[in-house]
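Just so it is clear, A, B, C and D label the chains in written order, and each chain counts residues from 1 on its own.
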Amino acid sequence: MNWILGFIILIAKLGVVLVGLLLLAAYLVLLERKFLGRLQIRYGPNRAGKFGLLQPFADTIKMLTKEDTVPAEADRVLFLLAPAVVASEALLIFAVVPFGATITLWGKKVPMVITDLNVGLLYVFALASLGVYGVALGGWASNSKYSLIGGIRGAAQMISYELSLGLSLVPIVMLARSFSLVDIVRAQADYPFILVQPVSFMIFLISAVAETKRIPFDLPEAENELGAGYHTEYSGMRFGLFFLGEYVNLQVLGALVTVFFLGGWRGPLLPPVVWFLIKVLAVAVLMIWVRGTLPRLRYDQLMHLGWKFLVPVALLNIVATGAFLLI
Amino acid sequence: MTIYAAIFYVLAGVILVATGMAITRRNLVHSIVYLIISFFGSAMLYYLFGAPLLAALEIIIYAGAIMVLFLFIIMMLRVDPSSLRRPDLKQWLPASALGLIYVAIAILVVTQDPGSRTMLEMALTKPRVFGEFLFQKYWLPIEIVSFLLLIALVGALYLGKAFARDAREREEAEK
Amino acid sequence: MIVPYSHVLFLAGVLFAMGVVCAVARRNLIMMLIGVEIMLNSAGLVFVAAALRWQQLEGQVFVLFIFAIAAAEVSVGLALIIYAYRRTGSLDPEKYNILKW
Amino acid sequence: MTWSLFIPELYFMLMIGVFFCLAMVLRPNPKRDFFIALLLSTLGVVVCLASVKLEGTLFYNVYRVDLFSQVFKVILAIGFFLVICICSELTGIGERYHPEFYLLLTTCTLAMMLLVSSVELLTIYMALELSSYCLYLLVPLRRGYGVHVESGIKYFLVGAFTSAVMLFGIASLYGVVHTTYVGEIIRVLPGVIGRPAAVIGLLLTLCGFLFKLAVFPFHIWAPDAYQGAANQVTAYIATASKVAAVAILTRMVALSSGSSTYLVHVLVTLSIASMTLGNLVAIVQKDMKRLLAYSSISHAGYVLIGIVSMTQSGYAGAIFYAVAYLMMKFTCFLVVVKVAYDGSDLKIAQLAGLHRRSPMLAMALMLGVFGLAGIPPTIGFTGKFLVFVAAMKKGYFTLVLIAMINVVISLYYYLQVVRAAYLLESDASLPPMKVSIPTKLLVGTLVTAILVLGVFPQYLLELTRAAASALM
């Protein structure tokens, strides 16, 4: 019986996380549009429902009912596959993210994480590194110049920044002495790691923004040069999947920053899950703010920042942390 | 047959089919995609064989870095699939002869070797144990591999710039 | 209990043969390099299975080093291939046979 | 842990650091780079000589320092020094890239030093890869002569292929013997040598070393790499890297200690094939470096004769042969480098009239080539003699007979070279060559060594015997 109960709980957790993620993604779009509107002294969407609160549903219905076109010379299978890679990769990362303290249900301990892998951090990296394929294959399969250039740019950018992303987390692993995300949260019982690893935090944040291809690193889809970059040729729900992927990725980014640097679900007074949400949203809002503030980088600036600044600094940071731990 | 054995055979099938497709596709991008599937299967096998760390690294390095690099190069060079000839008989013949000899040897190995019939037991390597073992015992190879990566870096940098340098030198020579 | 060691050996052997075929028969520099990658990967499978067979860690360590080798190989190999491609405009090794006996 | 055992390697690592800084920081200056390299490599020989008597093991026994390894380290350091000596006019490589050239050369030497001392398969494999990668990158480093890219790619692809094969071999070997230490494999292997997996594993493992040595089925890279690479790089590949390959091959074959007849059969076949093929194809060559490439393929066959006899005298003979080979080959390459002063490839016909242009170089070339051919007063004869005697003692009469025939065949093309240098007159009256005093000194030393060690080989022989006994 225990086995069945465990299975039911697992399914329940999966369902809650999935629905939560999708809902949050939809409302993040609204939040972004509203907030950006305010930053640019305009209103943003305000017609559908009170304050435009029904806007996400309107968008979803629009996406679902639009015609799904495939360019004539496109590589059909890969063209259809690419958006799914992006969306599923982003969703799968949440499998190892702990979003609350362990709670007891009917006398059974239920950890608030779908699965606690002992190589959780590497699992995150593995999935993140697969996100490249959605972009690159999508760009290639469209058989269009803009898409191809967008795809190439995306691939180059993502493999470059994956390096600094990985290196920035090595000190965290050294401090927590574990790859498991649950253990990393546990290691921050006394203080969040942002206090001892501010450099890591900054590098991680910058690289993660570059990985999600948001402004100021949105060269793969720079609209004034490339149309919409790698997803120029996509329409309907396939475009919707790219779109969904982007906003789920925003949450992933928020969740990872929360887990690695902000102490995870820890916080006073409020329940852990609420704290977790607050922190994730705070990071997301920060990202939107960055988007409203900073201009896009030039391509060479992007590469120089990654290879000549972030990677060396991250390496030095590792050495410094190592020396600190040794002494 | 245990459930693990079933998983193994399914994965083995996936790997073999994907690799087989990969090496016969004319379109290089399709080859790469099949190969990614194959490496995914290998990563799962590593996990099954109790090496979760290696499974994760297999995906990060093989599927996530090496194959992306291939894809990137193929996209950048704009290799036209129609320009690639199908390998003709002259090339297939020695290759398949080699392959047949090899398979014969493999069958020989499998059937003649009493030791290879031992069943593999389940085990799990914790990343920490693995790391400690690695850094204690294989200290020297790690240093060597760091040199190797340094050399590869120097070489890739040099070769990346070599073409522009050649063109410049040729221009100077023409003057 | 998973499977006999020999079955893994067989799987790796066939994979290895496929890699050899890809490296020898495909008339394309990139595919030749990919063939070598497949061969390296099959060696990795044998190592992990052997490590499990003997309940030792050495085999797994080997695989880690194979990853490093593969990475170095691809970076150097692709750099060389791009260099050659820009000079000759072809990925076909047949075109490179200026040097004969 | 006694770090003093590791001093030669540490010294070379330091040297790599120096060149790395030179390549990164300072403006290119060929003269300065050359003098730094010369100075450091001279010191390197001294360091290696000073540590020749050391003995011990390091790093969890993966690294053994004994007479065998130390002797080879000295030989490698000398080889490295000699190659640096002919780099004074490094015209084959762009000036901007001289520090990189020295960096790669030093790293390669370091890797080979690590290789000859390693007694654990992973370490051996990694060291082998490191040295190979340096060479893969040294070949296309040449200034645009067109063929260098092609030969670089060929060399690289064949090398990568062989190393994957070797890795698979190590994997199946490990699957049988459950250890990666060479010493323990020696203990376990005789019990399991009957199993196909062990034999195949060992054979595939040997592939990697045979590739380095350019033995028959793995020789296809050699002529192209030799011709495509800059002359100095070719000299290095032909001398130092071959010596390291002999060392490690000897160590690996000593593993099986003759308990597998399959292994012996395979090695004998390979030896015969590479001797015959190398010699026959060398006859039609027009390019000097390609000729030397095929000659080195055939020499790989001769060395295998010594190794395959699997006795102490056989191993000693192989080591002696490697030393002799290094000196003779290097002498030939010295002449190649000096005659082709602009860094281009050298045709045999271009040697015409050399005896008038520079009698000294002509004489050096003649002696080097005679040595390679195995003509009596030279060290090459002594080397061949030792190897053949060792094989005769084991009763490999046919093998020795075939080798003898091969020696006779090889005389033809070696004499062609001598004929070009002495008997042919060049149509355009080229001016006499200026040979600098250090070069004269170097040539003099080499020639003396080739002759003196050929006539009085006792001391060197003792040394190689001692080194070989450390192996058994």
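Here, a contact is a pair of C-beta atoms (placed from the backbone, for glycine too) under 8 Å apart; a residue touches a chain by one contact, two chains touch by 3 or more.
Worth saying up front: this structure is predicted, and the values here are computed from it rather than measured.
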{"item": "Pair of chains joined by more contacts [C-beta pairs], B-D or B-C", "value": "B-C"}
{"item": "Centroid spacing, where centroids are CA-atom means, of subunit B and subunit C in whole angstrom", "value": "5"}
{"item": "Subunit A and subunit D, separation of their C-alpha mean positions in angstrom", "value": "54"}
{"item": "Distance between the centres, which are taken as Cα means, of subunit D and subunit B, whole angstrom", "value": "31"}
{"item": "Subunit A and subunit B: spacing of chain centres that average the CA atoms, whole Å", "value": "28"}
{"item": "Numbers and ranges of subunit B residues touching at least 2 other chains", "value": "53, 57, 65, 69, 105, 109, 113, 115-116, 137-138, 141, 145, 148, 151-152, 155, 159, 162, 166"}
{"item": "Overlap residues in subunit D, where contacts from two or more other chains coincide", "value": "122, 126, 129, 133, 136-137, 140, 172, 175, 197"}
{"item": "All chain pairs that touch each other", "value": "A-B, B-C, B-D, C-D"}
{"item": "Interfacial residue positions of subunit B with respect to subunit D in the complex", "value": "105, 108-109, 112-116, 136-141, 144-145, 147-148, 150-152, 154-155, 158-159, 162, 165-166, 169-170"}
{"item": "Complex interface listing, subunit D residues touching subunit C", "value": "122, 125-126, 129, 133, 136-137, 140, 146-147, 149-154, 156-157, 160-161, 163-165, 167-168, 170-172, 174-175, 178-180, 197, 223-224, 227-228, 281, 284"}
{"item": "Residues of subunit C touching subunit B in the complex", "value": "1-11, 13-22, 24-28, 30-31, 33-35, 37-38, 41, 44-45, 48-49, 51-53, 55, 57, 60-61, 63-65, 67-72, 74-76, 78-83, 85-87, 91-92"}
{"item": "Footprint of subunit C on subunit B - complex, ascending", "value": "2, 4-5, 8-9, 12, 15-16, 19-20, 22-23, 28, 31-32, 35, 38-39, 42, 45-46, 48-51, 53-54, 57-58, 61-62, 65-66, 69-70, 73-74, 77, 79, 84-85, 87, 91-92, 94-96, 98-99, 102-103, 105-106, 109-110, 113, 115-123, 125, 129-130, 133-134, 137-138, 141, 145, 148-149, 151-153, 155-156, 159-160, 162-163, 166"}
{"item": "Residues of subunit C defined as touching subunit D within the complex", "value": "5, 9, 12, 16, 19, 23, 29, 32-33, 35-36, 39-40, 42-44, 46-47, 49-50, 53-54, 56, 58-59, 61-62, 65-66, 69, 72-73, 76-77, 80-81, 83-84, 87, 93, 96, 98-99, 101"}
